[in-house]
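This report refers to the structure that appears directly beneath it.
Order as written gives the chain letters A, B, C and D; numbering starts at 1 within each chain.
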Amino acid sequence: MIRVQREDFSVGAEIDRLCAGGSAVGGVAVFIGLVRDVNDDRAVQAMILEHYPGMTERELDRLEQEARRRWPLQEVLIIHRFGRLVPSDRIVLVAATSAHRDAAFDACRFLIDWLKTRAPFWKQEETGQGRQWVVARESDADAAARWSPIAPGGAGADSRPSVAQAPRR
Amino acid sequence: MIRVQREDFSVGAEIDRLCAGGSAVGGVAVFIGLVRDVNDDRAVQAMILEHYPGMTERELDRLEQEARRRWPLQEVLIIHRFGRLVPSDRIVLVAATSAHRDAAFDACRFLIDWLKTRAPFWKQEETGQGRQWVVARESDADAAARWSPIAPGGAGADSRPSVAQAPRR
Amino acid sequence: MHILYFASLREKAGLASEEVAPPAEVADVDALVAWLRDRGGKPAEALADLRFVRVAVNQEHVSLRHPVRAGDEVAFFPPVTGGTNG
Amino acid sequence: MHILYFASLREKAGLASEEVAPPAEVADVDALVAWLRDRGGKPAEALADLRFVRVAVNQEHVSLRHPVRAGDEVAFFPPVTGGTNG
């Protein structure tokens, strides 16, 4: 399940709902991303997230399908907020449930790694010097490259130079 | 922070408290383990967790210290329940917060992998055939072996044959 | 053809979207970019350095060699920066 | 010396704990196990197959070569199975 929304979400309510999915669930891996007050040594007062409505939902949906194809998962949840957020606000939640913890962990990390390089979101930071667009980091592409590439037709083709095949384990 | 308790816990309340730790937190990785209704093809009606009071707290505390030594973490939380639990009940929660998601993920996984081989908990399953002790699985030792060994004096010496040095990344 | 600009490219282009009708020989993204550049103006500036431009056709990430045709939705944007900063 | 048995070893030994006073030459875990086996009875059975026995001295995981002395808390238990089953 994926959700793109301006509003905040309740971590407890979301996870409890995922776990209510059935007693075959052995583990839930969750990652929650928050707005930090400092980024690359800049004091951040707020963050404005713009996205591409329509494509965002499609990409997140593809990521969920791709994760389900790679691991035996029961539930997948991706929630990504947009709009203006301040430090400590929740930005994103990704979660996966599985009978086995390795699948839940791997899927959760795969989702956040790929989300950062494929989901059409762009961040602006508000600092004392005004607003600046956040520039994509090489390390995020590296993080996604930990995983074997997402094939065209799987979660869609990729406009970047194709990443090296780098299975994680 | 570590807690060993018979009572259930609220995932939402625990994570919200971790995140309230300060706006330098960029991400929280969480794993929650639940009782499954089927284990190795046996239908499980309940699970009884016995532990070694005193040593359990010491081992979990050492694991927290070891994780903090290996990664730049802000908060670490381990909650492990004991007593009689039924399918879908929460057993364990491990969580780590950090400025960076990789550290949070790695620490969280390290904690659950090592917890399963070091924390003195033993499980009995109640099935239609009565109660049986759950036997430790080779794959759990393998999972812990993904990480470089915990040095004697770090989180304590290890009675098992020493695991191969296998840094994760 | 419906063209969209996002984030810093939207600001550089001075517009969020526009309808264009390139000639039939503009059959892939590469040719479309060349055609948009030839028009000049602020959208041309937004597309000046393709190292910082990513493209989606009909809401799918594509390469510069991807075909385009009348009716397509073509979006230009910088590398994405969603999720956390961490 | 305070001896503890946990889980399946507690059930095999028929007791959860006992106070013992082995002679001074019982100076490490290995010697203690041999001495407890020599006593016979159910605790000896619990310690029969060391492949399935783990040891902690004063609440730390140790090997069979670890020293023991009067006043120590020595625990015997099977390999641990905490966390989830998954």
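Following the convention adopted for this analysis, a residue touches a chain if its C-beta (ideal position, glycine included) is under 8 Å from a C-beta of that chain, and two chains touch if they have at least 3 such contacts.
What you see is a predicted model; the values in this text were computed from it and never measured.
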(request) Between B-D and A-D, flag the pair that has more C-beta pairs in contact. (result) B-D
(request) Go ahead and note the Å separation of the Cα centroids belonging to subunit B and subunit D. (result) 24
(request) With chain centres taken as the means of their Cα atoms, state the distance from subunit C to subunit D in Å. (result) 71
(request) Go ahead and note the Å separation of the Cα centroids belonging to subunit A and subunit D. (result) 48
(message) Residues of subunit D that contact two or more other chains, please.
(response) 83-86
(request) Mark out which residues of subunit A touch at least two other chains, giving numbers and ranges. (result) 26-27, 33-36, 99, 101, 104, 112
(request) Make each chain a node and each touching pair an edge, then name the shape: line, ring, star, complete, other. (result) other
(request) Please give all chain pairs that are in touch with each other. (result) A-B, A-C, A-D, B-C, B-D
(message) Under the stated contact criterion, what part of subunit D meets subunit B in this complex?
(response) 4, 6-8, 54-56, 59-64, 66, 75, 77-86
(request) Spell out the part of subunit A that touches subunit C in their complex, as residue ranges. (result) 33-36, 39, 49-52, 54-55, 58-59, 80, 91-92, 112, 115-124, 133-136, 156-160
(message) List the residues on subunit B that touch subunit C in their complex, please.
(response) 26-27, 98-101, 104
(message) Which residues of subunit A touch subunit B once you look at their complex with the stated criterion?
(response) 10-13, 15-16, 19-20, 22-38, 87-88, 90, 99, 101-102, 104-105, 108-109, 112, 143
(message) Under the stated contact criterion, what part of subunit D meets subunit A in this complex?
(response) 83-86
